[in-house]
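Chain IDs A, B and C follow the sequence of writing; residue 1 opens each chain.
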Amino acid sequence: MQGEFSLGELAVRFGLTLRGEPNLTVRSVATLSHANAGTLSFLANSRYRRQLESTRATAVLLSAEDASHCPVAALIDPNPYLAYARIAALLHPPVSEAPGIHPSAVVANGARIAASASIGPLAVIEEGVQIAERVRIGPGCIVQRGASVGADSALVSRVNLYPGVTVGQRCILHAGAVVGADGFGFAPNSGTWVKVPQVGSVRIGDDVEIGANTSIDRGSIDDTVVENGVKLDNQIQVGHNVTIGAHTAIAACTGISGSTVIGRRCMVGGMVGFAGHLTIADDVVITGCSLVSASIKNAGSYSSGMPAVETRLWRRMVAHLRRLDTRRDNVGVR
Amino acid sequence: MQGEFSLGELAVRFGLTLRGEPNLTVRSVATLSHANAGTLSFLANSRYRRQLESTRATAVLLSAEDASHCPVAALIDPNPYLAYARIAALLHPPVSEAPGIHPSAVVANGARIAASASIGPLAVIEEGVQIAERVRIGPGCIVQRGASVGADSALVSRVNLYPGVTVGQRCILHAGAVVGADGFGFAPNSGTWVKVPQVGSVRIGDDVEIGANTSIDRGSIDDTVVENGVKLDNQIQVGHNVTIGAHTAIAACTGISGSTVIGRRCMVGGMVGFAGHLTIADDVVITGCSLVSASIKNAGSYSSGMPAVETRLWRRMVAHLRRLDTRRDNVGVR
Amino acid sequence: MQGEFSLGELAVRFGLTLRGEPNLTVRSVATLSHANAGTLSFLANSRYRRQLESTRATAVLLSAEDASHCPVAALIDPNPYLAYARIAALLHPPVSEAPGIHPSAVVANGARIAASASIGPLAVIEEGVQIAERVRIGPGCIVQRGASVGADSALVSRVNLYPGVTVGQRCILHAGAVVGADGFGFAPNSGTWVKVPQVGSVRIGDDVEIGANTSIDRGSIDDTVVENGVKLDNQIQVGHNVTIGAHTAIAACTGISGSTVIGRRCMVGGMVGFAGHLTIADDVVITGCSLVSASIKNAGSYSSGMPAVETRLWRRMVAHLRRLDTRRDNVGVR
């Protein structure tokens, strides 16, 4: 399935400096420690330089500084991880699906499906849906009324797009992702709740990746928006009316409450909670397990994740913190 | 699809005071800032009163206090958000499904399905299931042995009810919801675990809404219970034997450990963790990202979510907290 | 469906001491407080001993110490919960599925499916898949190219195995579980992200249980590994290249970042966050809602979950904590 490439060919194609025999070939990637002949490995962090010594890889992608420590052929680049990403995609291309609609799929008459698209087994495509060229809709996906998927995007399997959701080009959505379910909107009515219809939709830009079991709610009136190049890990919850700015990356299990606007190029750790109606600036970093309870105006790194310690020590720390409050506010007033 | 309603008609139907021309008509809802002619908007919070100035809505739902600032027709109610919820439901009715069973659905012979119910494409209805009048089972849903769904409820798509689960009337369950999977019960046996059969079920009351990718485990012996009017957001985890009291609302990503009993009319923020075997009183509010580790006897608001600050400051705060413990417990004893 | 067993038979079969009439029979299990004639209950924690007084169970499993308080027949064992687990499995055996492939399932020609296995309605089994003896693939499951499932395992319903994933023997996977989706790997490229192909897979050992809506990502190069006997609750996120050691149990909503290695026989509470690239020793306990941000070398219990208190008090505690930092670092230096 995979091709074989010579180091010389890779050096030319990706603009790398080769130190070694250009006729050597590689077929697949490997970690330094598990590499065999015919594999290409990489070293992106000098901290792991010692792993070079014993590697059996045919060649290693690394920086000029690390190259002198490399006992095998070296492909040198200032950003070896980026070069690795590109070469790995060449060596391990995705399995391509034959165009066409699987006979077990249920496709509405009024759906428009490009000839080069593939619709997998037991997928459901409802009325008014538009599927663009080379889109891959995997097994068990459900694309509801009037939703659309842009060219070269993939719904890997069991993805669910609710009515009217739009997905851009070159997106990847993983199993269990739900895009466009109702936002959590209820009006209080003397001790009970009255549902507020969620009449907005969700717009997903181009080059967005959405992880397994991630949920993105439709807007209550206007749309929920995920801009171009956003990368969402698994099990993320995006509330109604949220906007996530272009090229922001968010790690797993993070939850974003309704109407919060996150800037561009932000990096958000795992299990972060965002309160609602906030505005987060561009280029903000939030470390894992933080609670963002107020808007952030300036780029920078923000945290509130409390590191675990021995339980006995932790209990004392909590007790001390409580006791601070009983000291008549005399902390800091000496 | 949507109807058109005159302001006069809406005022009469919903008991609102109209200040403006009764013959003006609206077709859909809009936010104040994105409204156009033919739309109805609302102002529920005076803080956003300034948005009234430039709105192009045909009419705005608001309180008497805000009405004097409204440059267009005003529909006045002491609870404009509640009135909005009801009028939005009138203007944006759900798409109705034709009754009947889609030919691609797999329905067991012994299932009892009301004539007015609709079973969507590629749904699975197992033996002994009961589906009441006007229920809508969407595409890809799985309703296992002996489960039942009450009148007027909707399983939107890809919902999974395990065997024996009962769902009441007028409920809405969203994609990816799993109700009735085994609770997490294992008996330790010299360093390994022996599964404890989970022989209870789940009972969901009337008027319950369950969000996307939310999981509610079946009871270990007795049932897990979700009472009438409960609203659960996305990605919530409800452990075995939990009871959630009537009209309680819980935001996304919250987890409730086994056997905890939550009272009525509680409001629980997102990403809250409840320990197991607790009892939480009625009318309790828990703010987001809190850990509830002990029972709560009195109504009121409870918290432990730590707000994010700049990472450098946060690290110092953590260091200070640790150091409190090394001071031989002398904090507070001066 | 269920059988009826005499207490004498149970005592012999499970090596229990019987105090009572051996000819009495039980048909099902019950909690002490909801028990009726014909049911067996258990008391595993002496704290609940008072519930014995009024129980209407035919017999109760309990320890010798508690047995003297038991007003009905007693089955005595030093580990009554373990004995309960085994007897409950006898009284409540899982419904068995007839072997064979449901006609609505979509099974590739090249898949190898044991004759004793059952493939449920609307399941998808792709090319190169191997399904061993007595495996149960429930409704709506998707098993992608080259994945394999070992003997006696069950994919209950709507489980999704990505290509190449291997699942061992006697495993149980619940609805919504996704095993083998791409890990979250992207190389930065001047403000945008380039996808790093995720070419590893996932290996699940024997006797593993995986809860509803849990996600386990495939490795970026090497495999993600879940060893024998691991028990994962619902909505857990396991990042790429993680290893979870044998017989470790993890409660719901916990997230494990990439490349972290968790030891054997650990017990991890709910909603715990693990940073990436950590090593956690064997026999570590992490209490709920903790953030594990550094490797743990020694067995023991670790915590950082902050218990909720009244919101007003909590706000003051946070203010005090911040203020510690403004005191020119004079805390602890008196």
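Some observations on this one:
The rule is simple: a contact is a pair of C-beta atoms (placed from the backbone, for glycine too) under 8 Å apart; a residue touches a chain by one contact, two chains touch by 3 or more.
All values reported here derive from a predicted model rather than from experimental measurement.
Contact topology of the protein chains: fully connected, every pair of chains touching.
Although chain B and chain C share one sequence, what matters here is the overlap of their interface residues, and that overlap falls short of half of the numbers used.
The centroid of the Cα atoms in chain B and the matching centroid in chain C are 26 Å apart. For chain A, residues that reach two or more other chains under the stated contact definition are 122, 140, 158, 176, 213, 235, 253, 271, 306-307, 309, 321, 324. Residues of chain B touching chain C in their complex: 106, 122, 124, 126, 140, 142, 144-145, 158, 160, 162-163, 176, 178, 181-182, 184-189, 191-197, 199, 213, 215, 217, 221-222, 235, 237, 239, 253, 255, 257, 271, 273, 275, 285-287, 290-294, 300-304, 306-307, 309, 313, 316-317, 320-321, 323-324, 326-327, 330. By the touch criterion stated above, chain A contacts chain C in their complex at residues 28-31, 34, 79, 81-82, 84-86, 88-89, 92, 95, 102, 104, 120-122, 139-140, 156-158, 172, 174-176, 207, 209, 211-213, 229, 231, 233-235, 247, 249, 251-253, 265, 270-271, 288-289, 305-312, 314-315, 318, 321-322, 324-325, 331-332, 334.
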